[in-house]
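You will see chain A twice below: alongside chain B first, and alongside chain C after that.
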Partner chain A sequence: MSRRLWKFNGGIHPPQYKTESTGHPIRQADIPARLILPLHQHIGEPAEPLVQAGDSVLKGQLIARANGYVSAAVHAPTSGTIAAIGQYPIPHPSGLSADCIIIDSDGEDRWGERLAIADFQDLSPSALRNLIREAGIVGLGGAGFPSYIKLNPGHDKVIKTLILNGVECEPYITCDDMLMRERAEQIIGGLLIARHALQAKECLIAIEDNKPEALAAVTLAAKEYSFIDVVAVPTLYPQGSEKQLIKVLTGKEVPSNGLSLQIGVVSLNVGTSAAIYKAIHFGEPLTSRIVTIAGNGVSNPRNLEALLGTPMADLIRQCNGQPEQLGRLIMGGPMMGFALHSTDLPIIKTTNCVLTYHREQLPVEKPALPCIRCGACMDACPVNLLPQQLYWFTRSDELDKAQDHDLFDCIECGCCSYVCPSNIPLVQYYRYAKGEIWIREREREKSEQARKRFEFRLERIDRRKSEHGARRKEKQAVTKNRDDKQAEIQAAMERAKQRRDEAVKNATQWQTDETTNKNGKSSPE
Partner chain B sequence: MLSAILALCLLALGLGLLLGFAAIRFKVEGDPLVDKIDALLPQTQCGQCGYPGCKPYATAIANENAEINQCPPGGETTIHALADLLDREPKPLNPDNGEIKPKMLAVIDEQTCIGCTLCIQACPVDAILGAAKQMHTVIANECTGCELCLPPCPVDCIDMVPIKKDIMTWKWSLPEQELPE
Partner chain C sequence: MELQTTTSPHNNGPSSVSSVMLWVVMALIPGSAAYVWFFGWSLLVNICIAITIGLITEALILLWRRRPVKPFLSDGSAIVTALLLAMTIPPLAPWWITVIGIFFAIAVAKHLYGGIGYNPFNPAMIGYVMLLISFPREMTSWSGLLTLSDVSLNFKDSLIFIFTQQLPTDVTYDALTEATPLDTMKTHLGMGNTITEIRAQLGLDEETSQLLSVTPIFGAIGGKGWEWINGAFLFGGLILIYKKIISWHTPVAILLALGTISGMFYLFDAEHNASPLFHLFSGATFLGAFFIATDPVTAAATPRGRIVFGIGIGVLIYIIRTWGGYPDSVAFAVLIMNMVVPVIDHYFKPRVFGHRN
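Let's look at the complex of A and B:
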């Protein structure tokens, strides 16, 4: 099978360190005494708890439901009792705490009710998506985007290509490799379900050529399906990044700020595919995942299938490491992972690797030197950005310019920092710049809201004042009218008085006249 | 000679009419500069600048009656943004107007509140909810942290508390700068 492949700009070949952890088969990790389940293990809104402290739960029972469209449910990974719900430290670069559900396991690992689907072909794509949503499945490659959303392209979109991503390009991490070697049929099973949900025409499974065993196993499992093409891609970091892989396989570029859906492509991680298979065929929600425990902090690096919520210290001990002796702990790989501050943190849905460093064998930190503008970062950037420019803009706080230079297309792969001869931690500058831009944006929105409320308040006060004024005027008018009436009454009374006076006067006159007349009459007499 | 004068006069008349028409047709309502300045201010409406709100301060800046360094809640970012907009030299914040503080949130101790409504009347963004002789409370999302509700409170039941850091508002910090050689 030969298929035309394309290339993306740059990329690097860091040392692999993968063989260390591929020597042993995947082992089931022990059930821990206490599990810590953060409600926010995915991209989107945190889940909403449905249980209370003291409740007893069965394995697979829904304990927190998805809260909104972009969210994912959380299930009990084992049977036991809810010990507490509250703020506990979570594996996050901030080292902050967030809402978690704590379960004390009873060690019996009793399953609750499971609804297995005999034939998924009988279900409509939307019913399948619903089941996948209810199983709390998110992208297991590391990003944690709710999978059912990826499987819902909308009515007007036709998905031509469904890609299963088994590239796993980051050093040390081998969880997908081992999964493909040992459970290729689950991956193919999940692929068939996803294909049905998307009504996709062709399916590609991409595996880097440094994993010949996985390639062979998956090719064998996919043999009977003519529409599945297993593609060996040349090893190059960061090929496992969705947009880069799509470019390599199809030659199409996902638009800036766009989604792969827009060009008719959907990609899923192989681990996600296996999780979908288990959710549909056995009714098992996402309660465990395969984690690579690697690095020089453990003497027996390997892959463990661990229950979500298992403290990392437990897993490190199961690989013959001593959590107390560690000098550094990284979740994810050496390129894109982030340092954690405690080994008591749990593994979550996105934990593909726990990288440990013994405190006496820490990697040498080279001090950062001034940028010499060599441009090596630009040659290495797989997104065709200008890392050096972004760095200068960030340093001089010209974040709007950084944004104009497509800062938000940066996938934070770390190629630029890796090749930098001055050891400048470039990615950290970009992460800072992105966070700062988001925060400023939020503050702008908030101040806009405050401005509107302030103006509304002024308007209201004005309105009240003018209403008040109008009422007073009305009252005054009424009062004035009253005065007028009074005046009228006064005038009427005066007129009446006048008339009376006149009458009196007339009467007097008449009397006088009469008298005069009398006198007059009498006078001629 | 005459034709040249005539031509120029006609040209002047034509252009004058065009300009006159444009002045009426494309008349801008309000003062765009004031709005631009107002958009850069933090809208806390706290009055620390000496003006009764952000808009009056923006008007004062536009009329060159006020300096650009009188807004403590906006801090350096606002001063730089204003300096960029108005092409003036950025200056450090005027200490007479207050000092740069982290953003705070007003919280009413509901046990102590006597329901006098004085803070409700003082709040510039209607972020306090309550009625006479009823308990009052602050709508946290709307509070700008302007502290204008503090002085009128007769029982001192309002506290300014720092905004709690959480996962949603956390951001990566800038790496320690390398030493230039």
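Let's look at the complex of A and C:
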């Protein structure tokens, strides 16, 4: 425990609101009548459906396969019938629809075939990765990056440190906390598998010191493994962010735009680790997850283990909330979560929290005042950016300068907005600037392409012109020759004519002479 | 009801501009109290004039600029400007000095540049420098220390004097005013007297070769009274740092720079250069370091930039006090460094996470 810890710049201590939902153990949520399973619940390509409407499926059955390297499979969370495949609203800030598989559950929750591995040590890292890939496991901390890719560092990379992230620094969210308290042995089991797949030397489990019960449970479960170090890290938001946590634990910084693999570190969320354990030991693919239902929109906030695809409204009701009374619904925490458009949206693999606000108890929006350049945002920025400069640049539309000031290193953690005494929605400005830069870049590319095309066209016209000219010259040259010939012919003809005329003249002369000589011969023809 | 679709973060911290300004006002209380103790009630009169005229000016200009009056008037920034300006004006200056100063600070130095957040120069210091240049006589006659003086004005007399320039019959203006320790030190060092002579209240006028008597205005380390006032401002400043209203960088850099440079000269020749402690505990050093140079709007914004900004101020304070035309120089030093802030911020950016230096 006396491990040396490092620090990153800034960070904040927002009110926690965690004890509200840690009072009850995790409960299995009811099986909903209808499940909505988006094909895109992860980072990468959407999965490719393998079933058709009308098919009956068993729990754990593969219903959509990973499409390409960066993608993840989707499995039936319960037994039932495929009701439809089509466009339905998905939990996304845009509020748009995307391809989903709809399952009407039969309520029996019958498992399909499960392939349990007795001893994962018998399998090669690559075989383990394949099993994890087939189980559709993605990062459950909120990012949703396919886990098997993280476990595949490549031949030349040595992974020194494997980190399990049990920091859970966002207010309200307690799903990892409860998982660690209740199922620490699953987390350790998953860690052993991941360690085997990575051939990692040391394993760290980081837990913030505001979760003493989780710390105790995980420490106990990890006791027999000398290579596992359970580290209590001081509570500080946004320590759960991968790069910040790696800095705290190892002192190393993941290069900007780079991956933690580059510095020999891989990190997984504790929930992901437990999912890996279940996938290997029981052959159970990822079909459910623990979700914190919190906020003042429910009177009984708690953690539910819900089937993927369960509508949020169902879970809100199970926590004594009235979905129709909500004024704001957030997926994720208050710092980085995004507001949803409807309570009928489903739980997906990345839904760690459903944060509800009753419509009469909405957070007060304070009006934004001018920036007083106090620098509180800079002191709070965990990436060491100059948030106020970025803000000024964005406001004055000097987006290239914002980019020079490393706008794209911003992790949108919200610390700057949180501490701003003028209540300026700074993160909104950065999102706008990023989006605008992307759009302009695309437009620039487009106009660049158009310019190239135009130049090519000019060149082609030019070339054609010059070719044309050359040909005309040639032709002209030919024409000139022809004229010469004609002149020659003319001359020849003239000469001939002249000769004939002469002959005629002579003949006439002769005839005349003949006539003159009377009885003359006709002129020779 | 439609669900609100605001973007993250969905919660705000407790900090607000008015709470920042309120803390600054509270931290100014110890210094102001010491000030009143040593120089009398007139500071309070000046503060009242400055705040009243400051708020009126702010409100009128906001109306004229068609800006919402209430949020900006209640942010407290005009009050802080008024307080800082009032503390730099000699206690017995006539009322119109304060009125002109605060009007100029708010109307010209603040609002002509776009209001709070947009002004490149510290408004209170612009107001002070404008007064100093325009009304040098009024702005350089400081009242004497009450503790050294036989005469003093009570609150009512101060009020009457500030508004009518009428003194009670038994008091003369000369009896009330006195050169400040910084001024005395500068004048006498300029005349070639040594520190020992000056501190022993004996000075030799080189031209007339006459011994001059100097009033006992020097305290243990700085000017009498002034050292306590500076100490009280230091206390208030430490509260601001503790409450994270200001960062330590600027004040520490100012004090270290001023201490170091005056210390070097002092070590070189202790008889002709005032000691570092005298520089630190005289004049407006601590007021400047903790309350004026830390004005967020006009100061450098990056941590390393704040240190450079502070060093610049500390060095300039020494240079102007020693070789410049004015006895104190905090205002000039701050304003000169305000000009350099954009350059400092450009060259002293922090290293971004995951980037090489």
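Simple rule for what comes next: the second predicted complex is superposed on the first by the 441 of 525 C-alpha atoms of A that agree within 3 Å, B and C clash if a C-alpha of one lies under 4 Å from a C-alpha of the other, contacts with A are read in each partner's own complex, and residues count from 1 in each chain.
Rule of thumb we're sticking to: a residue touches a chain if its C-beta (ideal position, glycine included) is under 8 Å from a C-beta of that chain, and two chains touch if they have at least 3 such contacts.
Every value quoted in this text rests on a predicted model; they were computed, and no experiment measured them.
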item	value
Which of chain B and chain C A:Ile424 touches, first, second, both or neither	first
First, second, both or neither for A:Glu412, with chain B first and chain C second	second
Contacts of A:Gly264 with chain B and chain C, given as first, second, both or neither	neither
Dominant contact partner of chain A by residue count, chain C or chain B	C
Chain B versus chain C as contact partner of A:His92, first or second or both or neither	first
Chain B versus chain C as contact partner of A:His40, first or second or both or neither	first
Which of chain B and chain C A:Leu369 touches, first, second, both or neither	both
Touching partner for A:Gly337 - first (chain B), second (chain C), both, neither	second
Common ground on chain A, meaning residues reached by chain C in one complex and by chain B in the other	93, 367, 369-370, 422, 425, 428, 431
Chain B-touching residues of chain A, taken from the complex the two chains share	40, 90, 92-94, 96, 98, 367-370, 394-395, 397, 422, 424-425, 428-429, 431-432, 434-436, 438-440, 442-443, 446-451, 453-458
Residue ranges of chain A in contact with chain C within the complex	8-9, 12, 14-15, 93, 95, 171, 243-244, 247, 253-258, 324, 326-330, 332, 334-343, 355, 357, 359, 362-363, 365-367, 369-376, 378-379, 382-386, 388-389, 405-406, 409, 412, 414, 417-423, 425, 427-428, 431
Chain A contact footprint on chain C (complex, rising order)	1, 3-13, 15-17, 19-20, 71-72, 75, 77, 115-118, 244, 247, 296-297, 299, 301-303, 345, 349-355
Chain A partner contacts - residues on chain B that touch it in the complex	38, 41-45, 53-55, 77, 80, 124-127, 142, 144, 165-167, 169-175, 177-181
